[in-house]
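Take a look at these structures.
One chain, chain A, links the two complexes that follow: it is found with chain B in the first and with chain C in the second.
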Partner chain A sequence: MEEMSLLKVERVSKSFGGNRVLKEVSFTLEKGEILGIVGPNGSGKTTLLNVLTGIVRQDSGSVLFMGRRIDRLKPHQRARMGMGRTFQITRLFSNLTVLENVIIPMHYGGGGADERKAEEILKMVGLFELKDRKAGNLSLAQRKRLELARAISVEPKVLLLDEVFAGLNPVSVREILELLKKIHSETGVAMVLVEHVLKALFQITKRVIVLSEGRIIYEGDPEGMAKSEEVVKAYLGERYEAPRGQRS
Partner chain B sequence: MGKYERLIFFLLLAMGLLPPLLTDYWERVLTLSLMLSSLSLAQNILLGYTGYPAFGCVAFFGIGGYTTALLMKDLGLPFWVSLPIGGVVSALFALLIAPPLMRLKSHYFAITTLALQLALGELVANLEFTGGAQGINLPIYVGPGGYLIFFYLFLLLTIFAFLLNVYVERSTFGYALKAIREDETAAETMGVNTVLFKSVSFSMMALITGLSGGVYAYWITYIDPTSMFDPLLSVKIFVALLLGGVGTVAGPLLGAFTLEFLSEVLWGRFPKVHGVVLGLLIVLIVLIIPRGIWRR
Partner chain C sequence: MGILPQLILESLLLGTFYAFMSLGFSLMWGVLNIINLAYGTYIILGAYTAYTLYTGLGVDPLLSIPFSFLLGLSFGVLLQRVLIDRVMRLEPFMVLILTFGLDVFLSNLLNLIFRADIRSIDVPYAERSFVIGPVIVTEVKVLVFFLSLLLTGAVYVLLQKTWTGRSIRAVALDREGAQIVGISPGKVFAVTSGLGTGIAFSSGNLYGVLQGFTPFDGGMLTVKAFLVSIVGGLGRVESALAGGLFLGFLEVFTAFYLGEGWKFFASLLVMFLFLLIRPRGLLGGKYYGEV
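Up next is the complex of A and B:
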C-alpha cells in the first residue's frame, strides 16, 4: 500500500474579489521532507500558507493533513493537529515575556505547559538568557528565533515558515539556517519554507515549488529551477530580441 | 496571589469596618466608588486583558438592572433571587452576541457596543412591559442593615470582580486572553480557541456589570432607560480605567476611587463646569500618564 502523504493539497483556488490569488494549486509533502516555495511578490505564497493554516478558507479544492480533510477546521484545531507556523512580519505577544511566548502555545496547542521544556526550547534557539525579557524588546533576529521557538513548542508534524530569513544580515541568516537544520535533525519535523533568500533555501531543501500569479510553474530540484524558461520569464519577463538593424 | 494583590484584598475587606465611622454623605460616596470599581474591574477583564474595548458595556448594566427590577415587580420574586438571575441573563446575552460582535476589533467594536447600548435603551423606552420611558418603581429596602446593605453588596461585588481579575492575571486562562490581546491571529495559530475565550471574557464582564446594575436598581428604587443605559456612565468607567491603569489588577480600583472622589469635590465646588474639568482630566491623563497611575 502506498504510504500516506503528510500534507496533500488538491486543486486549491482562492480569489479576493476579482483577483484570483491561487489557481488550482496541488502538491504533496511527505513526512520529514523540507519543501521550498518561491515566487515573485504577489504570487500567492503567503495566501497558500494562510489556506494551509486555516486563516483564509479556499474557494475550492481540498487540503488533507495526515489523510484527514481539514478544510473546515479552525486554525487552532489545525495547530493542535500538529501545524506550527511563523509569520513573515513577526507576530509575537510583545508585552509578554519570552518564556510566556513559548508557554502559551505549549499549553493550548501542544501537550501542556511545562516550564522546563519551554526553557529547553529557548536554549535550543539561543534565547534562554533573555527568557524574562519582554518579547517586544527583542531585535529582529531574536524575534525570528522566538517565532521559531513558539512554532516548535507545539511539537508540530509540519512547520510552515513564512520568510524566516527576510530582513536578516548574512550572519543571522547562517545562524537561523543552522538552527533549522538542527531542529530538522533532532525532531524530524517536515518543513515548508516560503522564501525569497534562495541561497539559504537551496542549502536546506531538495525540492522547490515556484508560484507565479497563483499557479505552480515549476516543481522539482533547485538546480533545474534556474534553467526553467517559465521561471526565468516569471522573474525577468519575456526574452527580448531587438529588431534587426538596430543592434549595436 | 502576590504581595500587592493580598494587600489590596485585605484593604477591601477592611473597608467593611468603615461604615460606623461614616456620615451618610460619605457612605454614599464610598458606595458609588465601589460601584464604579466593580464596573471598571469588569471592563478591565475585557479591555485590559483581552484587548476589546466595550465602550457600551453599560448595556449590560441596564440588562441586569431591568431584569432584576422586572422579576421583583412582575413576578414578585425576592431581591436575593432576582439579582443573580439578572446577572446570569446579562452574561448569557453577552455569550450569545459575542461570536458575531467580536469579529469586530478596536474602535469598530467599541462603537458597535455603544450602538447596542443606545438601541437597547430606546427599545426599553418603547416597550410596555418595561414601563417605557416612565420607568419602574421598586419597593424600598427595609430589611436588616438598612441602606448600608447596598454598601456591602457593592463591596462584595468589587471583591468578587477583583478576585476574578487576579485569576485572569495569574492563570493559564488569562494567558489565552493576553495572547488574544497581543495578537489574535498568532494566538489562533498557536492553538487558542479565540472565539471561545473572547466570548467567555465578554460574558465575565457582562456578569459583573449586570449584577452591578441589579444592585444599583434596588438601591435607587426607581429606574428608567436614561439612568440605566447612560452613556456618561460608560465614559466614567473608561476614564477610571485609563486613570488607574488598564491591564493591572490595582489600576481599576485606584482609578475608580480617585475619579469618584475628585468628581464629588468638583461637583460640590464647580457644579457648572464639572463636565469641562472631567474632560480636561481625560486629556491630561492621555498626555501625562497614558498608561495610568498604576503602570503595567
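Up next is the complex of A and C:
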C-alpha cells in the first residue's frame, strides 16, 4: 500500500463575496517535509492557512490530514489532532505568563500539562529566563519565539507558520531560521511556511508553491522558481520593452 | 472628623458588594463580548429564590447562597446553549434585543408569581449593629461585606489558578488563538455564562438582606453593573473591585451631601464621563479585543 501523505489538499476553492480567493488549490505535504508557500500580497496565502486550520471553511474541495477528512472539524479539534500554527501578527495570550502560554495548549491538546516539559521547550527557544513575564511585555522577536514554543508544545505533526520572519531584523531572522532548523531536526515535524522573506525561506525548504490570485502557478524547487515566466509575471507584471528608436 | 469615617466605611461595605454583584456582568462582557441586559433581573431572581427558601423553609438567605449559585449556574448554561449561542454569532445588536426581551419576560414572570409588592427578607439579626469608636454599622452590612469579599476572592482563584479559569482568560484575550491551542470556545462560553449567572443569583441573596426588592428592580441593577464595568474595566476581578468601590463611594457621598435623589443621576453622569474620557476604565486594562 502506498504510504499516505500527511496533508492532502484537493481542489480547494474559497470566495469572499464575489471575490474568488482560492481557485482549485491542490497540493500534498509528506511527513517531515518543509514546504514554502509564497506569492504576492492578496494571493490567498493566509486564507489557505485559515482553511487548513479550520478558521475559514472552504466552499468546495477537501482537506485530508493523516488520511482523514477534516473538513467538518472545528479549529480546536484540528489543533488536538496535531496541527500547530503561528500567526502573521502574533496572537499570544498577552495577559498570561510566558509559561502559561506554553502550558495551556499542552493541557488542552490532551497530552497533559507538564511544567518541566514546558520549561524544556522554553529553554530550547531561549525564553526560559522570561518564563514568569507577561507575554504582552515581550519584544516582537521574543513573541515569535513564544508562538513557536506554544505551537510545538503539543508535539504537532505539522506546523503552519504564517510569515514568521516578517518584521524581524536580519539578526533575528537568522536566529529564528536556526531555531526552525533545530526544531525540525529534533522533532521531525513537517512545516508549511507562508513567507515573504524568500532569502530565509530558501535556506530551509527544498520545495515551494507559488500562489497568484488564488491559483498555484508554480510548484517545485526554489531554483526553478526564479526562472518561471509566470512567477516573474506575477511579481513584476508583464515584460515591457520600449520599442527601438524611441528611447530617450 | 465628624461623619466622614462613617461615610467611608459605608462606601467600602457597599462598594465591595457592588464589586461582587457586577463581576458576572463584567465577565460575560469581557469573555463572550455580550452586554446582558437581563443581568439585573438575574440578581432579582436570586433575591426571590432566597426569599422563597426563607419564608417557605426557614433557610437563612446567607446559607442558601450555594443553592442560588447552582440554580444560576444551570440557568446560565442552559440559556447560553439554547438561546444566546444561536444569536451571538450574528450582529451584537441582536443579543441586546434578546436579553432585553428576556429581561421583560423574567420580570413579568416574577410579577405574576410574587406580585409587585416590595418584599424583604427580614432575618432576625437585621436590627443588630456594631459600634466601633465613632462609627455604627449594622451586622447585616458587615456580613454582606465579608461574604462579598470571600466570594470575589473565590472567583479570583478560579480564574487565576484553575484550567477552567485559564481557558476563560485565554478566550477573553483571543478567541481564535484559543481555538488554535485546542480550547473549545463553545464550552468556555457556556461555562462563563453559567459562572456569571451564578454570581448574579448568589449576589441576589445578599441584595435581598440589604434591602427590599420588587420584580422590576432589575433594570436599575443592570445599569449599576454596567457602570462598575465601564469604570473599572472589563472581565477582571481587580477591575470589578475598583469599579465597585468607586460606585460605593459615589453613591454614599452623593446621597449624603446632595440627597438620595441625586445618587442615580450622579452615577449616570460619571458613566458618561468615563465613556468619553477613559473608556478603558480605571485600571486601563488591555483585556479583551486587543492583541
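Methods note: the second predicted complex is superposed on the first by the 245 of 248 C-alpha atoms of A that agree within 3 Å, B and C clash if a C-alpha of one lies under 4 Å from a C-alpha of the other, contacts with A are read in each partner's own complex, and residues count from 1 in each chain.
Heads up, the rule we're going with is that contacts are C-beta pairs under 8 Å (C-beta built on N, C-alpha and C of every residue); 3 or more make two chains touch, one makes a residue touch a chain.
This one's a predicted model, so the numbers in the text were calculated from it and none came from an experiment.
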Legend entry - Clash or fit, chain B versus chain C on superposed chain A: clash
Inset, instruction - Kindly classify A:44 by the partners it touches after superposition: chain B alone (first), chain C alone (second), both, or neither? - result: neither
Legend entry - Touched partner set for A:89, first chain B, second chain C, both or neither: second
Inset, instruction - Examine A:36 and indicate which partner it touches, taking first as chain B and second as chain C; both and neither are also allowed. - result: neither
Inset, instruction - Using the touch definition from the top, say if A:214 reaches chain B (first), chain C (second), both or neither. - result: neither
Inset, instruction - Please work out whether A:61 is in contact with chain B alone, chain C alone, both, or neither, and reply first, second, both or neither. - result: neither
Inset, instruction - State which residues of chain A lie in both footprints, the one left by chain B and the one left by chain C. - result: 53, 55, 74-76, 79-80, 85, 87, 91-96, 100, 104-105, 107-110, 113, 150, 154
Inset, instruction - Flag every residue of chain B that touches chain A in the complex, lowest number first. - result: 172, 175-176, 178-179, 181-183, 185-195, 296
Legend entry - Parts of chain A lying in touch with chain B, wherever the complex brings them together: 53, 55, 74-76, 79-80, 83, 85, 87, 91-96, 100, 103-105, 107-110, 113, 150, 154
Legend entry - For the chain C and chain A complex, residues of the former touching the latter: 163, 166-167, 169-170, 173-174, 176-185, 285-287, 290-291
Legend entry - Residue numbers on chain A that touch chain C, as the complex places them: 53-55, 74-76, 79-80, 84-85, 87, 89-96, 100, 104-105, 107-110, 113, 136, 150, 154
